[in-house]
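Next come two complexes built around subunit A: one with subunit B, the other with subunit C.
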Partner chain A sequence: MSLPPFKVLRPRSIDEAVGYLEKHVANIRVLAGGTDLIPSMRQRLFSPEYVLDLSGVAAMRGVRPQSDGGVEIGSLTTLRVIENSGFLRQHYPVLAEAAATVASPVLRNMGTIGGNICLDTRCLWYNQSLTWRKGCGFCIKKDGDLCHVAPGGTKCWAAFSGDTPPALLCLNTEIEIAGPSGVRRIPLQDFYTGLGDSYRKLQANELVTRVFLPASSADYRGVYRKLRVRGSIDYPLAGVAVVMRHSSNGHSIGHIADVRIGITAVNPAPLLVKGATDLLAGKEMNDLLAEAAGDLAAKTAKPLTTSALTPEYRSEMIRVFTKRAVLAAAGMN
Partner chain B sequence: MTDFSIIGKPTAMVDAAEKTTGAGKYTDDLCLPGMLVGKILHSPYPHARIKSIDTTRAERLDGVVAVAIGKDAPKTYGILPVGHDEYPLALDKVRYVGDNLACVAAISEGIAEKALELIDVDYEVLPAYFDPEQSMMAETNLIHDHKPNNLEKDYHHVFGNPDQGFAEADQIAEARFIANEVTHAAMEPHSTLASFEIDPHTGQPGRLTVWSSTQVPYYLQHKLSLVLEMPMQQIRVIKPLVGGGFGGKSEVIPLEIIAAVAARKARAPVKITYTREEVFWAHRGRPRTIIDLKTGVKNDGRITAVKARVVQDGGAYCSYGVVTILYSGALLGALYDIPNIQYDGYRVLTNKPACGAMRGHGTVNVRFAFESQLDELAARIGMDPAEIRLCNLLKPPCITVNGLRVQSYGLPECIEKTVNRSGWRERKGKRPRGRGLGIACSHYVSGAANSIIRSDMPHSTVNIKIDRDGGVVVYTGASEIGQGSDTMTAQIAAETLGCSLSRVRVIAADTDLTPIDIGSYSSRVTFMAGNATLRAAEEVKKLIAAAAARKMDCAIGDLQFRNDTVFRKNGHANQNESGGDSRPRLSGLAQRREDALQPTVSGHVEGQILRGSLQQKRKDEFPKNSMTFEEAVVAAIDFHGALTGTGSYAPPQDARGGKHKGAGVGPSPAYSYSAQVAEVSVDEDTGEVTVHKVWAAHDCGRALNPVSVEGQIIGSVWMGMGQALTEEMIWKDGMLMNPGLLEYRSPSSVESPAVEPIIVESLDPEGPFGAKECSEGSLAATIPAIANAIYDAVGVRLYESPFTPERVLAALRARKNAKPLNLTEGIDPTAPTRFREHGGSLCFKGKGPERHALDPARRETPGGSPK
Partner chain C sequence: MKKELIELRVNGRLHELAVEPNAVLLDVLRQELQLTGSKRACDDSSCGACTVLLDGVAMMSCTMLAISCEGQEITTIEGVSEHGSLAAIQKAYGDWGGAQCGFCTPGFIMTVKSLLAENPDPSEADVRAALSSNLCRCTGYNQMYDAIRSAIKAEREGSAVTK
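Then we have the complex of A and B:
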């Protein structure tokens, strides 16, 4: 499969990049690490006239700890850097752990945190070649008007399959978006729409430039658990991130002071499990409580047949993995 | 003689440097002046009649040179003489999603792809068949008109008296097993470059040269000749480096013929390289198989009878299908001593890509069922699973009840060694909960005793030529596909001639240069091409010995060839020999290099074409007790003229099987044997299975190259583990849902277990130096070994492969009567009854694909899907 013809634009600054986006707004795609875009272009999911190659925008790289204890991460920072960052591993372990599970080492060398946040939603009926998609008559997400996963429906159920966003959601992450009218900063939680097709609130002339992890989320215990068939390469079929802080109680671990649970790959968006804090905060972790957390997370999950393994199984694994993850975060496994 | 200087020693592959440095050339690396890129248009429908096909718009596109369609080569072919059912490009009908319709030859890949979009095809969509058991009931809209009930072939064999056998049994187990479809996933996608020379007399395309990633150059030459209606001598097939075949290149793959058809029409060289998706469509992998198996045993562990009904979901064309369904039955024999066998095999056509030969051809899925059931029966009679296997050994030399001749039989030693090394007796059943050990055995042919085209033609022929400088050139038709064929050939030639490996150059798989060899499949190369090489080398050796004996004034029988030297056994061996292997192979060459520094009689330095003076010098020195290989070669050429030899191999008559219908498949001159113990753990909350270690013993007769044998054992275990745990082709209405290596999950290095390969050498009386096959036999044992280990770990028996986490979890839940969860579309993997439309790992509850609003099929049948 050849790449469709396109012109490459190589800006040196964010302003220049946004300028290009504005100029070619109807027909441009952004290339960060390229691990998702390039195969998709070969499959003719995108045939843009211009490809905006961000590799020259140095300002968008790097992990920069802030004086208040938080950290700012350039969206072009590779997952490899995040996985190996001593600062992140110490203060935001859930993010480093989630980043380390993405694909394989070779892909993490290329893939970026911004790319992982913006990752296109995935579905077996969508991530296929043009020839293949002709065979099924296309689908609602691309070129077609029906959904094969939930027939009769008009909603696209392609699953968001990034590993780092559930961890970032747990950390109350904010992201910076640059556009022609300037820079805005929004909670990551507000970035996703919950729809499979127009899955993110990002205009075609906008760019995710920075990721902010607040100081208030630092030093939480963190755990990421990922369901996949192989120990490498695979996208998550279900993923659970948990962050947890305990009330200080001398030297022993006390009650849970704060906790957040994020899930991925089982909905068109990564989601925080609502009610998790209410369920767990102020309590001491035990098996029953962990199971209740698992049940709660499983209720949030609405997997459909967008990837391998049956939805029932993936939903069940959200339950099992959440239970395990909260126990692990409480130091109990 | 067990004292060898070349064989039996770990030897680097002769093409290793080329491959590891990237200097080696695979077909897709090749380029010719004026070469065009070919792209194939594939059918989007599983079953449709072609009403019309219009290529005008595509032809008009700038950069398109030609568009070939069915009418350009309306001849059928197929790998089996009984299965000529494929057109290079569909003529009237397409039979699976991915079937070939047209080929654009253009100046670039992008233009060719664009042109594909401009070919207008008008289809009449037909009802399609995806489930083999339903397909067998079809009366109308047959996939091939001449195959009633969509039945490619069925066989019904009875050996001994199964009814009586079951009557004598104390315990009988009966169950349905399902093994889902897997494919080879070779690293190199198929690629073919075809180029015609212009005939000087007619100006028309004349001689054809085809470079192709193939395991079978001669079959390709033969089928090209049929389809293109050209004599075989006008066609030259060359096999460059091949990046793995595993059976997926062991027959003529559509692109190989299409490239030639397109090149003829475009009057320019055309290269086609499949995308990974196209590789999946070309397929020829292991069919989904339903096995209804019944086995009876006595309380003492003896098997009394086996009854198997096997249905294979063969896809839309015959391919190797008739052979596959026969192997599935025939290889019930020759592993254990089974007195009574009943076999009913059905090879069924469905609207999916054709299945064919894949590593362990025909035996793997049935072996999974059989070894699982034997484990079950052992538990029922309270016998150790290793013990029950030892209770049912053959007593070779013997002929099995279904007519297979077994001479060498290392199975007992394989079982014993895996049991000992794995600590089976101490550890089996005593692992902590969730962890277990399982054992299974398997075997495979060392080449089919009957070739696809029945004849008395030798299966392998090898020529050897030696020049005056002592360079040995071996011409063999055997195809190196990464398995080590060329290295094996060089080793046997060097060992026989007593020369160093570096002297031997292997020219392989070029139909203009190399004599006929039927190809690299059914694990036949070491046994058959190896024997042919041995015979050719012995013929040349005789010539050299005759001349050397004359020079050394001794009897031919007194001569020994070793370490680049010919010497008298009873005379004092020269220093190099007395050291044995301590100063081995290059000693002769080193000596020559030393000589080269000394001016010879004529004052010149040797190595600069000084044969005359060198011979003068030699003449002065004779007679003596030893000669260098080179001197001996010069003497032989002086004495005989050209120094060439030929050897060929045809399996002996008594190894060719019985007389019943279908008896031709299964017989082999020798069988390899394998026993494996797998240690796994099962996560009872998630159903995830981890394989920790596999102890794999393989009886390969003699290990000509132990490092290569170990590699084959490890590779077999790994590939078997893929089929056991993760690999599965998933279908929905004839659409392959995972046509790529992201979603078709071959194991990665992360989940590869430790494998302890154990080489067992039973020394076959007919194998070259006693060697048998080592590349396929081990695979089939891995799947049941893992299944049995899962049973040992958590007490559930899986009847459907692969053992994906959801199947294992569903089985655990079914056993525990826990909260019912519909994890696998209502199919209990401990008692599968029917094929799902898809493998079961995906559960589409909807209506399946409907057509796009602009889809021509939808326009014709308004308001609904074309079905």
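Then we have the complex of A and C:
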């Protein structure tokens, strides 16, 4: 299947890119690595008049450690560069680990961190060819007004299925957004709406330009666990990220000083598990506590029949992975 | 749709081409340049049959616009042989039965080339991880691992692949 017709714009700088977005705001799509956008255009989920190819904007690439101990990552940086970055593996291991599970090695040579953050939400009834969708009845997210997942409902439940955002949320990540009225910087947590259709707060004339990991989240232990059908290529059907820091207590590992848990692929947005810090901080890890963390995460997960595995199984795996991940982060697996 | 004039460097040769802006690299290679070694199999960016190298790095040619590849060195399976004879990895694939119908083979070989360029002495786990980008629906994968292992050995020892 070929792609719909469009014109390609190839800016060399962020200003030029934003200028193009502003000029063609009604009908333009941003192309980074293309591993989400190109398959989606093939399926006619998007048929823009203009495609803004960012690949020539060199200023948007690279992992740049900052003097305060934090790091700034250009949004066009590939997932391959992130998983292989010695700096990130050492200081922000949960991000490197999550990046290394995305799709397949070849797709990670192409896919970018900005594209992973902006990734479209997914559903069995949405990520299909035009013919398929026409045959089954167009849904709320594209061209129709019904929902196959929650019949009679008016809300879209497509699941956010990126692997790095739960890790980034745990790290208190901020992102920089550039638009015609300048740049703004927001917590990643405020980027997602929780809706399956208009899932992100990004205007059509805006770009995500940089990703900031603060020094205050450096050097946490990190673990990412992912449920997929095959061991490679597949999107997550449930994912859990955990970061943890222990109080220093001579040479033995002390009690948990701080902890955050993020989940993905089971709601229309990646989410931090509320109450995780209250539950675990100040305590020493044990099996019962890990069970309780699992139960809490499973309550935050609201999977529906948006993918090939049942919601019950995905929810149960959030519970199991959270338990295993907090134990692993505490050095107890 | 108005075509655009672009220059693509493929297997060391520069081609000036008029392409539609929405043309993917795979179609330009196969239809404009008659380089039909790269295959389209899945059409949903998941199988790797279309894998080529861009500046030495493996990428899926079905999932990139030809227009975005200007200024980069593209290598396809047709550019893998050395001085007119088969590269070690190609010969090993034949000797060890790494290909059955052969449709996936060009993609696998490009993935292996990119792995070896980055890491000339990969472990078994490295090879398996790298190959997880490509799907084969015919063979067991074991013959492929055997072929790759013998090609790596031959490269390292500077000897011919032997079975």
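Operating definition for what follows: the second predicted complex is superposed on the first by the 333 of 333 C-alpha atoms of A that agree within 3 Å, B and C clash if a C-alpha of one lies under 4 Å from a C-alpha of the other, contacts with A are read in each partner's own complex, and residues count from 1 in each chain.
Everything below uses one rule, namely that contacts are C-beta pairs under 8 Å (C-beta built on N, C-alpha and C of every residue); 3 or more make two chains touch, one makes a residue touch a chain.
These figures come from a predicted structure and were not determined experimentally.
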Which of subunit B and subunit C A:C136 touches, first, second, both or neither: first
Residues of subunit A touched, compared between subunit B and subunit C (which is higher): B
First (subunit B), second (subunit C), both or neither touched by A:F6: second
Touching partner for A:Y313 - first (subunit B), second (subunit C), both, neither: first
Touching partner for A:S232 - first (subunit B), second (subunit C), both, neither: both
First (subunit B), second (subunit C), both or neither touched by A:S55: second
Touching partner for A:D145 - first (subunit B), second (subunit C), both, neither: first
Subunit B versus subunit C as contact partner of A:M110, first or second or both or neither: second
Overlap of subunit C and subunit B interfaces on subunit A (superposed complexes): 1-2, 4-5, 104, 231-233
Complex contact set, residues of subunit A against subunit B: 1-2, 4-5, 104, 124-125, 128-129, 131-132, 134-138, 143-146, 148-152, 227, 229-235, 305, 307-313, 316-317, 320, 324
Interface residues, subunit B side, partner subunit A - complex: 42, 44-45, 97, 108-110, 113, 116, 275, 277, 685-686, 726, 730, 735, 737-739, 742-743, 745, 747-751, 804-806, 809, 821-825, 840-853, 855, 858
Interfacial residue positions of subunit A with respect to subunit C in the complex: 1-8, 10, 31, 34-35, 38-39, 42, 51, 53, 55, 104-107, 109-110, 231-233
List of subunit C residues in touch with subunit A within their complex: 1, 4, 20-24, 27, 43-46, 48, 51, 57-60, 63-65, 67-68, 111, 129-130, 132-135
